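The two complexes that follow have subunit A in common; it is paired with subunit B in the first and with subunit C in the second.
Moving on to the complex of A and B:
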């Protein structure tokens, strides 16, 4: 009798959080898969089962593939930039002796920005009439007239990637810095005595110590950037001419603009499947590194 | 002496690089703050000047009281606070339960968390929209809070699990011998020990739900109920964009975010590198 109440208490502790995961995550995902097989409309409650028709339509649509390509470019270039800047900043912070706390604090600030302020702040700085940067460039004579960075097809992609790198680098920096602190100083000193160059020390001592954290960061942040809707939606609305329309924005337009929730579900299900496949491959690689290190 | 000088000079590129990064990192914040105190004429005519020639609070009074953004700010506070309270209660009991009663689940928890992290918010948005419509939760605080629990609880459980793992079991056993029940041990012994972790998790949850945009955009379309993020977005859609007002509102949103974020920064990064991720 005693053990029975004991078991119930145990379950009571974890039940609410399990309930949330099941009802707010698992159930919605399963029902999305179901909706993707229907012609569900946003405002009509009747829906017919139409099999894989939505998927066939989506996969035959050039807009889907354009958005898919944009999503991949946006994710890969942004993450590469964040990793590069974050890594360099972490190494620099690890190298200096004074003002470390001040630099760290200042460099973290972009991470705390809400998406809406990232968007307004940068749209204000880049505004082609009142903005600081276009006027500065024209003032210095670098541009003849103010460039409209966020609506010019030649510049928009690199500008939004730049903003994403500005926003996302601190997270890489903080985590890589924490990993760098675990590198034993003796190894470094021994290698220096043995005549290893700075580059060799970096490749043979630093990289092995941080690569697991870096790998995990790259996977988690890639998922985040790939799934992110608001950054681009608020900065460019997906424009100009659809140049920054990623899959989440494309799904939003289909589901809430055109009100075709069934088709939108098919797009988001494809997005999830793509992420699951890619992430499982990436985790396999991480585990492979782990095993190699262990042996 | 000479070697010390060489060492100092060799760190110079690191200082230079960090200085450049620091300027780029901080500039947008400084720029929107100083701009928000400039008069409309100055905003239009002097796009490069840094310091306002005449300080004015006009944009703040205009956006908060005349455009009614104060109300939206209140909505955001209510929604974020409710999300935080529910999240902390559910996640703290959950994390404690996992650590004490289901430790083997705890070891797999990161994997579970990462899988839930993979669910695109836009994918969850479709079923959520339909559920909210059928339950009449569109344009309600409750609907939005419910949606926010989906991303806040898994993360909070993960963060708190790491904290409860640091509580020595001997302390709890001593209390149990004295006859304290499981819940009392959790509430009066284990939780006070990890109080800093709970506060950090609460602040993190609060910031994230305060700043959320997508679900708020989809589930709230009545401007009286809108949280600040969506209210600002809908203001920005008006014919002539009032930059002064937008900047003042942005400052009101971003300054507390930055402040609280810096307060808890050392807790956020802890998990990934200290080996709790396997």
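Moving on to the complex of A and C:
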């Protein structure tokens, strides 16, 4: 009886914070699911239940699939770039013996800035009239006239991905560096004595020690990048001509632009389901690695 | 064992802890609820008035803060809380606020937003405020933009009109006359485009703003048409509309920076402020923009009427904006909000407000335009000719799409980026003009129908 009373007391003490977490997390999700089954309009309070019609309309929409495809490309290329640059930077930092703190601080600077500062800063740098970079390239004769990197269909995607890689690499770098510090030096020494090449030491010693950290980072960053709204929206608004419109931007335009809250909710529910499936597959892979290492 | 005995020994403290936790949870739930609305229909003014406006910085923001302080001093039981949002943010703010039941008591608004607000019953009638200020002092066209079924829902606080701005020094150096027709403008803009440092005219097409629709509307207005036909449907495929689209596509290729395909109104204006473009279209706000950015160019800018199709055509108005103030229907303090709104129109203070951006904000009260105190302003006198061009243009037009009165379609035309996306498809994806125009027209008409318009 005393145990049950203790449990009730503990529950009552955490109840307020639980209510806050539930309301901030579950309520929006459940609301979105509810709205996705109605023809809810942003400005009109009346709404009718229409079942899965919104989902059928969205899945039949070419704009949805175009945005989905752009989201996949944006995520895959960004994560690959962040992983590559982050890994290389971590390996380089791991070898440096002097001023490591200074280099680590300098390399993490992009991550420290809010997205709005980064977006507006890069927009100024890349402006084709008074931006530093286009004028520099023209001044050096590398281009005939100033290139508008964020307006040119051939360059806009790679430029925004490049900015995202620059922004997100420090997170990979810091975490991989921490994982590299846990690799026993004796294993490297033993491998060197046994005649292993640098590549073999990397594959058979470094990678097994950091793969779980990297795996978790890739899962989390993939979700964040896939869901990322502010950086792309501030850089290009999803343009030009919809070339950088990802699913979050598409959902925003549908809900707040077209005021079709029901349809926008359907898009976000589909986004949620996709990411949940992806995350569960990825965590199963991580668990498989765990079991394999344990055996 | 010791802990078990200590809990048993202190039952009163345990009951107190449970009570505190329960009270904390209750307080949390209660604080999440909204306060019951209060109405005060007589006696001294009282209540908290939340005022949203889009004068985010500078003299206009300071003016509003000062007026709030003065009103509070005159009405000690009234408290005014000001929250500012940029014009672009306000669209998201009021739509989500309305959905969440979190709207202010009083706010500024763009004409196209007022139409949407009226359409969903979000606004309180303002006939009492307008009559208190003096109905015959307001321009009828300005009042009509915020009226429905004979009831006024908005009070215009200032007006401005779109005109053609040009660099007098560049035209003089090139031996060019001020263009009067679209053809003249194209020739002059091409002649004044040099490399990457100077452009004849930037053609903005950013989907986050209405600039593409604005520029196309100018051309259509010169042809006696509009972005909406007589039935209220989108008009992007008439001969004049297709000519207009072709015109701006050609101008983009010949006289505009490549990046203008993403430009919003501020990107566009900044180029002119910095002296990078020889021509631009905007209101009198360009005067303060140039003065603030490139003061050495202040005497090298001037305004002219919008270009016409043919030299003998009459001067027309391309677009007039009557910036509105509205009181919200769900406000529990409408009386105090309306009193504060009327307070903003007191002559002496109102003139100071207009002088915050001289030439940019023209008085919505006709007698103020002739007021000696209003005219006693250095900038207004220095740019008298340009201000006169703008003043003449104000009564000649309306907000985009409101030629036949306030229509929901007008808001959709300027908020969905459909026209801008059409231009981007043409210049970036090579879609033929007729095909892109038809697709955009169909999309707009679908959006009109989804918004409840019945043709």
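The criterion applied here is as follows: the second predicted complex is superposed on the first by the 284 of 295 C-alpha atoms of A that agree within 3 Å, B and C clash if a C-alpha of one lies under 4 Å from a C-alpha of the other, contacts with A are read in each partner's own complex, and residues count from 1 in each chain.
Basically, contacts are C-beta pairs under 8 Å (C-beta built on N, C-alpha and C of every residue); 3 or more make two chains touch, one makes a residue touch a chain.
The shown structure was predicted, so the numbers you read here are calculated from the model rather than taken from an experiment.
Trainee: Using the superposition on subunit A, tell me whether subunit B and subunit C clash or fit.
Mentor: On the shared subunit A, the partners clash.
Trainee: With the two complexes superposed on chain A, say which partner A:187 touches: subunit B (first), subunit C (second), both, or neither.
Mentor: Neither subunit B nor subunit C is touched by A:187.
Trainee: Which holds for A:61: it touches subunit B only (first), subunit C only (second), both, or neither?
Mentor: Once the two structures are laid over each other on A, A:61 reaches no partner at all.
Trainee: Does subunit A have more residues touched by subunit B or by subunit C?
Mentor: Here the partner covering more residues of subunit A is B.
Trainee: Taking the superposition as given, does A:213 touch the first partner, subunit B, the second, subunit C, both, or neither?
Mentor: Only subunit B is touched by A:213; subunit C is not.
Trainee: After superposition on the shared chain, which partner residues are touched by A:121: those of subunit B (first), subunit C (second), both, or neither?
Mentor: Only subunit B; A:121 stays clear of subunit C.
Trainee: Quick one: is A:256 in contact with subunit B, with subunit C, with both, or with neither? Answer first, second, both or neither.
Mentor: both
Trainee: Which partner chains sit in contact with A:130 here, subunit B, subunit C, both or neither? Use first/second/both/neither.
Mentor: both
Trainee: Give one of first, second, both or neither to describe whether A:155 is in contact with subunit B, with subunit C, with both, or with none.
Mentor: After superposing on A, A:155 lies clear of both subunit B and subunit C.
Trainee: Now for A:239: first (subunit B), second (subunit C), both, or neither, which partner does it touch?
Mentor: second
Trainee: A:53 contacts which: subunit B (first), subunit C (second), both, neither?
Mentor: Touch partners of A:53: none, neither subunit B nor subunit C.
Trainee: Considering only the listed stretches 44-52, 62-70, 98-106 or 188-196 of subunit B, which one runs into subunit C in the superposition?
Mentor: Of the stretches 44-52, 62-70, 98-106 or 188-196 of subunit B, only 62-70 runs into subunit C after superposition.
Trainee: Show which residues of subunit A both subunit B and subunit C reach, each in its own complex.
Mentor: Touching subunit B in the first complex and subunit C in the second, residues 9, 12-13, 16, 20, 42, 45, 127, 129-130, 135, 256, 261 of subunit A appear in both lists.
Trainee: Please give the residue numbers of subunit C that touch subunit A in the complex, ascending.
Mentor: 4, 7-8, 14, 17-18, 21-22, 24-25, 28-29, 91-92, 95-96, 98-99, 116, 119-120, 122, 195-197, 199, 205-208, 257-262, 271, 274, 276, 415-417, 421, 424-425, 428-429, 447, 450-451
Trainee: Could you please specify the touching residues of subunit A with respect to subunit B in the complex?
Mentor: Its residues touching subunit B are 9-10, 12-14, 16-18, 20-21, 24-25, 27-29, 31-32, 35, 40, 42, 45, 85, 88-89, 91-93, 95-97, 99, 103, 105-117, 120-122, 124-125, 127, 129-132, 135-136, 139, 166, 170, 174-175, 178-179, 182, 213, 216-217, 219-220, 223-224, 226-227, 229-230, 234, 248, 251-252, 255-256, 261, 264-265, 268-269, 271-272, 275-276, 279.
Trainee: Residues of subunit A touching subunit C in their complex?
Mentor: Residue positions touching the partner: 2, 5-6, 8-9, 12-13, 15-16, 19-20, 42-45, 127-130, 134-135, 138, 145-148, 150-153, 236-243, 256-261.
Trainee: Quick one: which bits of subunit B touch subunit A in the complex? Just the residue numbers, please.
Mentor: Touch list, subunit B to subunit A: 11, 13-15, 17-18, 21-22, 24-29, 31-32, 35, 43-44, 47-48, 89-91, 93-98, 100-102, 112, 114, 116-131, 134, 146-147, 149-150, 153-154, 157, 181-183, 186, 207, 210-211, 213-214, 218, 228-229, 232-233, 236, 243, 246-247, 250, 253-254, 257-258, 260-262, 265, 268-270, 272-274, 277.
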